[in-house]
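Below are structures written as structure tokens.
In the two complexes that follow, subunit A is the common piece, with subunit B as its partner first and subunit C second.
After this line comes the complex of A and B, so read on.
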């Protein structure tokens, strides 16, 4: 088995060497240029990331074997170069809280047996180069809720998550990104079995000069699969918030239902929001729709609040909270939702250009 | 029930692609292949001034170093650019004074195509410039346009007669090195249309160009340049057809539009190049660069396209909204059936303040076709209060086709508002059932429903052409049901 893995790792290393550090001339990295921040050598020699973990109901294993499926080129790099690895197996019900404490590289593999459940919360504080590749495999009827909190940081922070969902399984993700010099979460989700589901939601709230990129690919490879996506982005002065979402419905994946919404709020003159919601449809018995919008705070709403004596900053904050509320409503766990709101409250003054 | 009537008329046509005939006419060609000599040959044939030749040669030199783009969702065997003719002209084309001097065979061809070419079509009120393979063969209504001060002539003539205007504007919207195909066009374009509408003039009639590829193994590279001076208005329509052949023929056109202060250009295309047969054999490769520059304040450029033909369509008519308060519009119907591939859309580049754009795209895929909408809405930092609304709908007919939507939205101004909506679905069962239940046969029902789906775009076409376009929608989908 190790021989196969070694071969796969060698291939990953070759792929990374051939492609190099992703940059804006690569279509998938059009809005996120890693090159000014790091070079290939730094990726290849990145230290092992360290983490602290609280886990219940999970078995740890050495993820030597695996399909080695990753979302993008940085996932390949994590396979090729990460010396820190972790395997988590859930047989019935599990709960994991993992916090990556230092920059560096790591590779994780999470396996849920048929019918298993996992509540997984990840925090990725970033700093320096952080590159975490995560492979997630959901068995039949397995359910996972994944929350990822990416705190405001510096440096390049990359999360590469590949998920396969078997028949009747369900993967839920909520990601909150508060930006870094470059921060990117790249997801590749394959709905492989009939009735598999994925529900993704997230917010990016960026203070001056920060960057956050959520890139998703949901692949409806079986019939009656369902996916929803809801992302809201807020960018302050010179900040750049990115959402790229691709939905594929393969031939024969009849009965697929997919919805995708991305909205951006620009709060200052030099802020930038880039959205690329993409549909790739090869089956006709489908319902697919996406919507995307970018603008600033609604002048009428603002006027309404001001006319009732609410101060400008407060009125703006109120409207931004309202804008962000929808994706947070998707988070079922109350404690988690409260923690996310607290993080947003912390980030709001920065996003609104206050020191 | 107008659509049903249309269907009857359409069914009466013996052939599915009624423009698939070949006109047997003696041609004069450049030697096969592409080199500096080919470029010189074309330029000499056209009796061009030195500056034009230099322009072409610099384009050619750049082209040699360029690589063919591969980012579009279209697949085709590698094109051998040396295995084609770059110039083909009907013999006997010295300058003609009136239509009587045009080869009657050519006129017959255009009659077959239903183009109001001769003066007897005065009632139609359409001025036509017809480009047959590489050269422009007739321009009607010259006198009447002259009265209004409108220049409407083959571009080769404009290079001779109005060199200052051509030099001032040519290549300013689509730079010579813009992309592989436009650079190729810049080197070898043989003819096309030139329009100049002077200050404050509302062009008294619709202008129209009909493009026809006739010769085999020949590429067509036409170049169109339209300039609307301050406060003027012009509506321009182009149509295209080609004979049925087993080989793939290349069509790489460049269209440049310039709208100065307060000017408006309405550009409509009914593209019906030969799409290839039901097995995907033959057909035109339509690799076209179209771009409009709203250079002046309060200017407006509106693109309407009905894309039913071509084996491959690669085309993104765009608007650069440079002037404050300028408006860009893009209305598109793209129908791909059998093995056709279409990758088409638009770019709206908002540079000026209060610029507005609207995109309505209707894509229909049937058979084994792949249809992609690819578009960019970009708001630059100075484009305060920019507005865009985009609606992209795709319709799938059958299980083996694909419909794809790739919008790019980039906003760098907080006061801008951009909205994008897209849907993908198949023809609703209940609508189909409703039609069938009333005795409408399935093919007619599909044409009816598709025409309804496209209505918003069809409405944008000049009236005479809207009828033709509706018919085309029906013909293009033939064989897609049942």
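After this line comes the complex of A and C, so read on.
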């Protein structure tokens, strides 16, 4: 029994019940309305999610102790209600492949000791209600690469990730989302120690009426911290792709450097892409750059390629791949990059209106 | 090779070509000269099949076939190549990948076997050195960060690689200094062949000093108003368009 955590869980449950299932009148969930899909009772009584895992260099523990940090309301729900829990501790170098096989709720806590490294690949096939809350703690100089593949699915799929990075640590995320009735990855990253870094990149490729939302909050709480974000979203048919990214540079976090780019490619008139970058700066000596833009396939480029003999469909696919290439180029692991490209290739015909 | 009869074409509902007729035979190089706004670029886009360039009446026959019925990629596979005035920059696609994709798409459409990466590279290399297209350029994203001269050289490299039957050069001289112009012109001249026709579209006579045409046509307000031999280009240079166009009217 851990009295402190139990108290924390009870408080989380109370807060969740008071707030209810997030919906579009809440600012943070403006583009992702969960209420038509599930109610609070379904969240509270969601079954334990099951997973398969391959792990090396990792100690398993019962994550009873901990701060119980979360990024958003659904992360708070996972803290309050998840009965499936998993703790992973890395002392030197670890490798984890985890696939969530069933709908349901789970709560994970990943701890990297000072100087440790972890290569973590997660796949979330979704279906029904899937709510996975992950709390990540990186020690001094620790490095984690987190790849998340969210396959095309149905139902509500939520990933809530809270990360704290100590001095000199580095968290890297590469995510790809192919949509669900509602799919959301919400991240809260605290760069707590001097020189801590976070590098996030991701893609969404959506067809039909599918939805995918990436919501990030990067908090520069110490000096000389650095964050980069690069997201590319493609929406076809009646799909909706969302990126919301808030960056906070706190007072005293001088020498911080933050860059944020989000671009959307609309392939149909009824598709929607919502990009919402936000900057809050309370420090004096900082470098911040952000940009967001939505466009459609460039007619000049398309004509150029076709005039060289490349058929319309192939030319469009080439331009979509070119649009997506930048965040994929950031993936250092070749096998991971190939896997992400393969998933994009699978999704392309659907996004281009082919059966 | 190419037979254009009384062609009328419109862009955004506005008629730009107003009864243009032109015949180009295999082995010939024809120059189309004309002032700004005379319809030179429209003609090149209509021939290449750009969306939005609508043929309202008249006909274009290419090797006996009605060109209007063909998509741009079909025209390319059948041997039409347009060297563009403003080659497009495409980040995320390397130049070599683009060349391979385009060459193989054309070959596939013609029922020829596709070439592997080495096969494409060999063909590209065989033509690249004369045009001073470096290996490093081929590895960069298509036209991204290329100078004006590099872009035009890459256009001519494509022409050499695709071996078109009808090459249309739209203002290939624009933005080139004299050295770059000579290099491009040499590249084009090397491709003159009895089975190949070329249509060189230009505002200035300068390019035609290096690529000497068999025929020169003056385009004004969407129609050919004068035709002649290469000497017509010199006359234009001396007198200017206004004089020629007025005397033709």
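Rule of thumb we're sticking to: the second predicted complex is superposed on the first by the 354 of 355 C-alpha atoms of A that agree within 3 Å, B and C clash if a C-alpha of one lies under 4 Å from a C-alpha of the other, contacts with A are read in each partner's own complex, and residues count from 1 in each chain.
Here, contacts are C-beta pairs under 8 Å (C-beta built on N, C-alpha and C of every residue); 3 or more make two chains touch, one makes a residue touch a chain.
None of these values were measured; they are calculated from a predicted model.
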Considering only touches as defined above, state whether A:276 meets subunit B (first), subunit C (second), both or neither. first
Applying the touch criterion given at the start, work out whether A:18 contacts subunit B, subunit C, both or neither, answering first, second, both or neither. neither
Looking at A:268, would you say it contacts subunit B, subunit C, both, or neither? Reply first, second, both or neither. first
In the overlaid three-chain picture, which partner chain does A:288 touch, first (subunit B) or second (subunit C), both, or neither? first
Given the touch rule stated above, what does A:301 touch, subunit B (first), subunit C (second), both, or neither? second
Counting only touches as set out at the top, which of subunit B and subunit C does A:314 meet: first, second, both, neither? second
More residues of subunit A are touched by which partner: subunit B or subunit C? B
Given the touch rule stated above, what does A:251 touch, subunit B (first), subunit C (second), both, or neither? first
Touch list for subunit B against partner subunit A, complex: 71, 379, 381, 394, 396-426
Show me the residue ranges of subunit C that touch subunit A in the complex, using the header's touch definition. 48-51, 71-73, 75-77, 81-82, 84, 86-88, 90-93, 98, 101-103, 105-106, 109, 158, 162
Complex contact set, residues of subunit A against subunit B: 27, 251-252, 264, 266-296
What residues on subunit A touch subunit C, complex-wise? 298-301, 303-312, 314-315, 318-319, 321-326
